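Some structures are shown below for you to check.
Consider the two complexes below, in which subunit A is the common component and subunit B and subunit C are the respective partners.
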Partner chain A sequence: MAVIGEVLTGPADRPRRSLRLNPAVLAPLVSPLALLAIWYWVASREIFPEQILVPPGVVLEAFRELTESGELQEHLGISLYRLTLGFLIGALSGLIFGVLLALSRQVRDYAGSLFQALRQIPTLALIPMFILFFGIGETLKVVIIVKATFFPVAVAAWDGVKGIPTQYLEVGHLYRLKRRDLWLRLVLPAAVSPLLTGIRIALGRSWLVLVAVELLAADSGIGQMMELARQMMRLDIVMVGVFVTGIIGFALDKGFRLLERLLLRGRIAEKTT
Partner chain B sequence: MNFRNRALGRFLSPILALLTSLTAPLAAADEPAKLRIAVVANSTSGTPVFVGPPQRLASDQEFQQALRQRNVELEWVPVSSAAVATLTNEAFTNRRIDFAFYGDLPSVILNASGIKTRLLVPGNLGTNTYLAVPANSGARSLQDLKGKRIALHRGRPWEVSFAKLLEANGLGFNDFRIINLNPQAGAAALASGGVEGFFTLDDAYVLEERGIAKVIWSSHQAPHDWKMRAELWGSEEFINRYPELTQLLATATVRAMHWISRDENRDEYIRLQARFGLPETVIRRDADANQVTWKDYWAPLFTDSLKKHYEQVAAHAHRNKLIRKSVEAAELFASPGFVNRALQELGLEHYWNTAEAWQ
Partner chain C sequence: MSGNAPRRPGEAGRLLHLKGWLVPVLLLAVWQYMAGLSQAHAHAFVPLQQVVEAARQLILSGELWLNLLGSLQRTSTGLVIGSLAGLALGILLAFSRIALTLVSPLFHSIRQVPLLGLTPLIALWMGNGEPAKIFLVSLAAFYPLVLNTYEGLRNVDPQYQELGRILGFNRLLLFRRVLLPAALPSIFTGLQQAVPFAWITALGSELLFNAGTGLGSLMMTAEVGARMDIIIVCAVTVTLLGMLMSYLVGALANRVLNRGTVKTG
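What follows is the complex of A and B.
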């Protein structure tokens, strides 16, 4: 009887519990807050000179200063513009090339091994050569991002299309689908899940590479703002750059995961019904 | 395993160095264990070569003997010419060095950030700066470069020289696209057409001799105080705490400058400096163009024009928002007593024209 009583009261407890703060929501905040607390504590003890370990308040002040003068928005705008342009070119061309690699034996035979070899070269290792070819202007940054995006997206598209069960294509041929319909209704939807993952990884990498190349050679952008601040001994501005870079990278990743879920939800529902 | 230990050691040693340097003041010894001096150096030829008077200082047996007697180890901290300003300022900040031979603007930037250093021994009368354009460029003057890309390593001493040139032409930084590149990258950018102009030191002559660039302006044709300065700076804390050791270094530096300033040593000094990478012809060409004699060029004296120079550097840094807090030029100087005593000890009171020098 007691057991039945427990079982019966169980569900009644549930609504009450959901009113309390859900630990799953708070858990991700614990480590950043702990880091902030340690930072604040170490800085307040002045174990390191203020110029090396800038206290959180000073960084916040620098952030305010940079946003009020519009400097941060300007650099960030330029960086995000470069990212968008390079990423669109890289992702689109990567997508097309990856699908071609998967579908066409000829493309695979002629370009496959070169593609495999090239994608092994780290983007950052190409910077010195790219500087010689493209100079240090906007072209360099866009080309670097195109390189960082093209290969992961092409690989993801290749894998995604390769993974489509051959029956799907056979059915498509059986129904005499036009080439256009075959692509739009069959190939792309089937490859969308691995493709989105590839694009998300490419986006994250592009952002990292962009900030790195801006540190090295640029006249503007968030990376250059940090490098110039380092040269002027303004570690508070460097820290603002570190945070903004991190938060943007995080937001891009989160945003894309959300998009992935939205796009895939319909399809999963389709499959289960 | 060895490799891993070494890698670990390499990773940990700077941290340990930082911790020991932070706790060092607590030891309260009468003498520090080490005298650490940052110098612009390279060792491509095997033995390290230093730029300027430290090259002479490094072979000064009298100085090194005096340090040995006091059980103080002399440690040269080499910094690469690609980023002298940043590396030296960072080393002063985390207390890895006590002294440094380096430039004017970075010292002002460091002091504005709250780290106190003092100019102990003034260097020579200044280093010339150059504006170079690609060899096939049609640009003949700064005006022709308006709106174009110019490579300039920001925060380096020659930036002030560049600012003076702009001002004299009624222009500002915003009239150009200033690309922040270190001298090596700047040279590469000029060679590859990435920039239309390159503002730098006498490495511009090297580019010219290789047929890559041509110099369209140099501070030779400008007033004397347009040159950049590099000299001996020390941590204020160290100077106050160890005045005797500081005097030893000041005296040795003045001795080195005296040796260099003698006409019979000029050739050997230039030969030594050529080992740093610049051809002798280039160094000679630069030195010959100076408006003062070789001897007077090397006078280590505190003068009103030195003070005026630092006032201009500090004003430039503040006006262009390189620094937040303004810096008083007068506060940047250590007591001229160190240099004056050095001149006395070496019997050089009347060697240089000290009429304008502070007593």
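What follows is the complex of A and C.
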């Protein structure tokens, strides 16, 4: 019961403030709490063996053990490091290549169709090939994430720059804007919205692919932690892993949406002044 | 620049064609050169003739078809189950406030977990056989269909509904004649997202649950045996089929949606 209490205080904390204003805030909590209660009840009846259904308390206990020993932070840290490194390389090179594709006829003529063909290859289909090329070390994960990031970002940058209304450029010329001002004030802001969406999608995909590749071939990382736990039939650790990957995925998406809104709000403000 | 282009389309088109081939051919030449460097190089950079030979053997022995069929069956079964379930839940969420408040928090939190991140959990619950793979593929189709069905039904122009009411449609008729057709483009958008996602998920599940037939399993077996030629043949097959499927759903969507417009017009 103490366990349920602990779980309850977490989510219940936040809406308490606004409870007086609007009881509807609590409504979305009903089903998760009900599910938790059912889970707790079914598990306590011991209908299923513990390898199939662990009580929520055991999962929470596993979470505490993993964080106290630092194991979870270590695995998560490694995974996030791989994600950051691969994502930065992939997004930057994708951005540059996408802009080049949009601006330069030469680049488009020589590399356009190759780019279109290569981007059709699903990242997951490349994992076995990349394992043979790079082994199962760090390089593999980073290269996979670079691949997963490069193409969507390049496409978004291409579309973004291509979609800039020609009127903008004409207005720029009309006002005799300097080349630098034209770029900073017109071209980039116009391209930024589709670009950010592309980057956010790429980030989500990269996380999915990273977890998959860690499940397949790794000696560390959150995916490997889950895979090892599965082999040892430790359902509690697997569930901790599932929760954590879900929360990270959610945080990446929400964080980026927030960033998007902040950047775009800045742009709108700039426009009105 | 733009004024020049349409004047001589033939020449420009041919030139573009040639230029487009230059880099790929160059890359293949480098690949072939690397293959010839040493025995160790040939392991990763398999000579192109070996890839062609592997493709021939895989096709002749029927191995490629067998595994391809396994993947296709898995994908289509999962697609049917997941799409129907997604459609049903999307409709339910669009019409029932209670269902929306109860289900959507759960739906959205489960959706956050990367699909393939669920595999260890599913492996413990369902083993690593066919049910586990089909479940994953179904989920891949389920998510986009729930979201797009719901969105499509929610965003139907209220004027249409009013018109239906004026015509004296009951709820079922209103749904069938007004709401569903209006939501159809959005539902097809969901389907267009679901098909490639299901195909990739089928592949991923075969890579992770390495048992039974399937292109992913064939690839993993080839990976253990360091058979780069087989891996390349599989990767190309997966890519081409994915493109074909996307194209077919797109064409289907166009057909169905166009027919809708003609009927109303």
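Operating definition for what follows: the second predicted complex is superposed on the first by the 209 of 273 C-alpha atoms of A that agree within 3 Å, B and C clash if a C-alpha of one lies under 4 Å from a C-alpha of the other, contacts with A are read in each partner's own complex, and residues count from 1 in each chain.
Simple rule for what comes next: a contact is a pair of C-beta atoms (placed from the backbone, for glycine too) under 8 Å apart; a residue touches a chain by one contact, two chains touch by 3 or more.
What you see is a predicted model; the values in this text were computed from it and never measured.
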{"item": "Partner chain in contact with A:255 - subunit B first, subunit C second, else both or neither", "value": "neither"}
{"item": "Partner chain(s) touched by A:224 [first = subunit B, second = subunit C, both, neither]", "value": "first"}
{"item": "Touched partner set for A:131, first subunit B, second subunit C, both or neither", "value": "both"}
{"item": "Which superposed partner A:232 touches (first subunit B, second subunit C, both, neither)", "value": "first"}
{"item": "First, second, both or neither for A:52, with subunit B first and subunit C second", "value": "both"}
{"item": "Which superposed partner A:245 touches (first subunit B, second subunit C, both, neither)", "value": "second"}
{"item": "Superposition-derived comparison: subunit B or subunit C, residues of subunit A touched", "value": "C"}
{"item": "Which of subunit B and subunit C A:70 touches, first, second, both or neither", "value": "neither"}
{"item": "Intersection of the subunit A residues that touch subunit B with those that touch subunit C", "value": "51-52, 131-132, 216, 227, 230, 233"}
{"item": "Subunit A-facing residues of subunit C, complex", "value": "1, 15-16, 19-20, 22-24, 27, 43-44, 101-106, 109-110, 112-121, 123-125, 199-200, 203-204, 207-208, 219-220, 222-223, 226, 228, 231-232, 234-235, 238-239, 242-243"}
{"item": "Residue numbers on subunit A that touch subunit C, as the complex places them", "value": "27-32, 35, 51-52, 105, 109-114, 117, 120-122, 124-129, 131-133, 207-208, 211-212, 215-216, 223, 226-227, 229-230, 233, 235, 238-239, 241-242, 245-247, 249-250, 253"}
{"item": "Contact set on subunit B toward subunit A in their complex", "value": "22, 85-86, 89, 93-95, 109-110, 112-115, 149, 153-155, 177-181, 185, 188-189, 192-195, 322-324"}
{"item": "List of subunit A residues in touch with subunit B within their complex", "value": "47-52, 131-132, 135-137, 216-219, 224, 227-228, 230-234"}
